[in-house]
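Below is one structure; the comments refer to it alone.
Should a chain be cited, it is by its letter among A, B and C, assigned in written order, with residues numbered from 1 in that chain.
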Amino acid sequence: MEVITEPTVNGTAARGHGLAGQDILSVSQFGPDSLSAVFELADEMRAVVRQKGGTDLLARRVLAALFYEPSTRTSASFIAAMQRLGGTVIPITQGVQFSSVSKGESLPDTIRTLEQYADVVVLRHPEVGSARVAAAAASVPVINAGDGPGEHPTQALLDLYTLQDELGTLDGLHIAMVGDLRFGRTVHSLTRLLRPYDVKLTFVSPEILRLPLDIMNEVRDAGLDVRETYNVAEIIGEVDVLYVTRVQKERFTDLEQYEELKGFYTITPELMAGARERMVVLHPLPRVGEISPAVDADPRAAYFRQVQNGMFVRMALLAAVLGKA
Amino acid sequence: MEVITEPTVNGTAARGHGLAGQDILSVSQFGPDSLSAVFELADEMRAVVRQKGGTDLLARRVLAALFYEPSTRTSASFIAAMQRLGGTVIPITQGVQFSSVSKGESLPDTIRTLEQYADVVVLRHPEVGSARVAAAAASVPVINAGDGPGEHPTQALLDLYTLQDELGTLDGLHIAMVGDLRFGRTVHSLTRLLRPYDVKLTFVSPEILRLPLDIMNEVRDAGLDVRETYNVAEIIGEVDVLYVTRVQKERFTDLEQYEELKGFYTITPELMAGARERMVVLHPLPRVGEISPAVDADPRAAYFRQVQNGMFVRMALLAAVLGKA
Amino acid sequence: MEVITEPTVNGTAARGHGLAGQDILSVSQFGPDSLSAVFELADEMRAVVRQKGGTDLLARRVLAALFYEPSTRTSASFIAAMQRLGGTVIPITQGVQFSSVSKGESLPDTIRTLEQYADVVVLRHPEVGSARVAAAAASVPVINAGDGPGEHPTQALLDLYTLQDELGTLDGLHIAMVGDLRFGRTVHSLTRLLRPYDVKLTFVSPEILRLPLDIMNEVRDAGLDVRETYNVAEIIGEVDVLYVTRVQKERFTDLEQYEELKGFYTITPELMAGARERMVVLHPLPRVGEISPAVDADPRAAYFRQVQNGMFVRMALLAAVLGKA
């Protein structure tokens, strides 16, 4: 498909129909109206899965899931989404060498081959911009499932959907992003997606993992109320949302500093005792210690519900780009 | 699901309904009545596959097949079983690294993620006890497809089903277990499953591969008639069943001893000439020489029928745990 | 199935029914009448995919796709074909070790296991003759998806189908085979398949990559008009078909010679300027430079349509061997 860099979906596009035939490459394609349309569709998907397990909306439609790097969670989510819509999947998820690729085939050729078999392509690729290259080559919709340090738009959409689903609205929320805000792709995308909303953002990270200046400026320019701090404990009592990400040891040259700091970014039952009664903890997963398993039983722990929302949002997007919304 | 260590299925649970929502972790969950229910269901599955190729019983149901170690046979069997029931499969069978796992995710987190997408999880894992860990984390049924040297209950069930199917009954059978009885997981599970039945068991193995004492005591305590011997030829004429397993060269420190002994445990047409007219040879497969291919054409060679029974038994279990029996 | 080495399909076998229960091992099974039947079926498959995305012809039928070496293109084509027929696939395409195989299981045993689960087996294997070994062991149809340097019959069938589809007929065509004619398996198979037709063949290759003598003699003996040349430019204006294959650097001991020659076998817009208005360029893909991407927009560039034809031909073959044509 043609590369779309500006919002192409608007409020008049009832029920996500404005996405028919479109690629999903970047969160920058979406504004509040188009997001509402997608989320409404995701609500419907949830209802039909809960009631009947799925639908036949995409019967006889084929998805090519092309994963140049392994991602169990994302590929499983897209596969389940397509199957629960009644469609089928060609899984190309070996995580190892691809025969054609090892013979030196270009990404556009691989895409132009797969679109002969499939109605839609989901692509995970380690290089920034690869999803745009693929979309430019393809005549079927391409969905970016992560292009290295670039974008992972369906993750950002499911994050936002979860916020709205859990708290009923986005307006007026106080959202804290916690952990590695420098390299965290999901934090960057979600932050950008939040710009048009009336939200307050607090960024909680070690000094060396602070949010990059360009994104910080974008949210300030959008007129949002923004703060930064080093310690979750300071803000836990004020926020509606803790969006937690992993602080990787590898980011620190000074391990002593890491050991000293890591407790500031670990969510425990003790910390949760100071949180509001009505708030949620999210995490893009996988986690490795930054949320204690003892928190899982807390009704405010929403990260596994967030995982399932990913399936509903991907069902909505697949149905929409295939014109079956 | 909650970990079930005691039999939970009983004769009053008509048509396998007692398994609805349950995990399948161990042969110790099953007694004669619950086995009868499963086998009756497996008979029905065989009939519907023979007549129509399959059913739509599990339409819109999704199975996550999570294989931490490769097992072509077992994963193919579960995939075919789910597909012939009208359901779909998320195959996570790379046999290589799992992305989430390589990022250090715990097994409970992986399971709690997959259950957001799938209605049932089949798990193959190299560590003993992993299936119980997974089941404790999951709110959907977990089926143990082998946890290292631990259990592989669906294999034992299909073995027993094949005995009954081939010979019409279990009562009164004389069953010889042949080969590596020390390390053979399938022998241990089948032996335990046979305890409540009126069977005679003969264990045929090299000295260093004899059945472990604890299992031997269990079957003796159950009141079964038990014998041990070194040589298949001695008992071939008396048995209703030869359950053959591989004697691995690697188990022997003295290779001369291995060369001397291996002929005692190799099934050939010459050996079969001394067997009863109505008896069967089983093998969990793969085989590597312990049954001569020249035996395959013998109608008593039941090991490939046994493979297909595996699909029918797994269809029965999937339907049962999903409440569709 | 029994190994079939002579044509078994004939003109009286209307609508491909003569293939029911047969293996697809070699192009030598096919003559003009049976090819017509398969191509007519492929036309129908194309129509149903264009109109409805697919059919339910093979509902409840299961394909085991056993790939001992990775081949993204071929496996994706077969998977899509089976899914668009309403059937399902057990993908065994890890490209890495197979558990049973690594335990030393023979190919016949692997096949006899998979046929317990599946209604048809597609096999890709690095060794010549492996497809025949598999077919001899199997009681279900086996389709050869490439046995090393041996055959890859479905590729040759889709090549021929594309010629007829693009140009309306095979009779009277002047076909140039370009590139590595010595090792190119697809060239050999297509050439053999063309013997019964009234075509003129020109073979264009470097000296060291000329068509092997035995195949050259076969086409001469069949009475075809055959020529050889070194340079595409010389014949581009006369041909109806350019069938291009890759000239691999690795084939040359003298790299200077390679650099000197490679331009003779690279298809560019400049070269295409000298071609007829009605002609087609085919390539089995993947390509690595031997056709300039600038040629892709040329309506005579048929190689991606050729890819899709592969799916239609494989749909036709799967339906035919399963008796559902």
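Some observations on this one:
Note that in this section contacts are C-beta pairs under 8 Å (C-beta built on N, C-alpha and C of every residue); 3 or more make two chains touch, one makes a residue touch a chain.
Small disclaimer: the values here were computed from a predicted structure and weren't measured.
Under half of the residue numbers at the interface between copies subunit A and subunit B are found on both sides, making the touching surfaces mostly different. In the Cα superposition of subunit A onto subunit C, the rotation angle, rounded to steps of 5, is 120 degrees. Look at where the CA atoms of subunit A average out and do the same for subunit B: the two points lie 41 Å apart.
The multi-chain contact residues of subunit C, meaning those touching 2 or more other chains, are 88, 91, 94, 96.
Residue ranges on subunit B touching subunit A, taken from their complex, read 59-62, 64, 88, 90-92, 94, 96-106, 108-110, 112-114, 116-119. Residues 52-55, 69-73, 76-77, 79-80, 83-84, 88, 91, 93-96, 285-288, 293, 296, 304-305, 307-308, 310-311 of subunit C are the ones that touch subunit A when the two sit in their complex.
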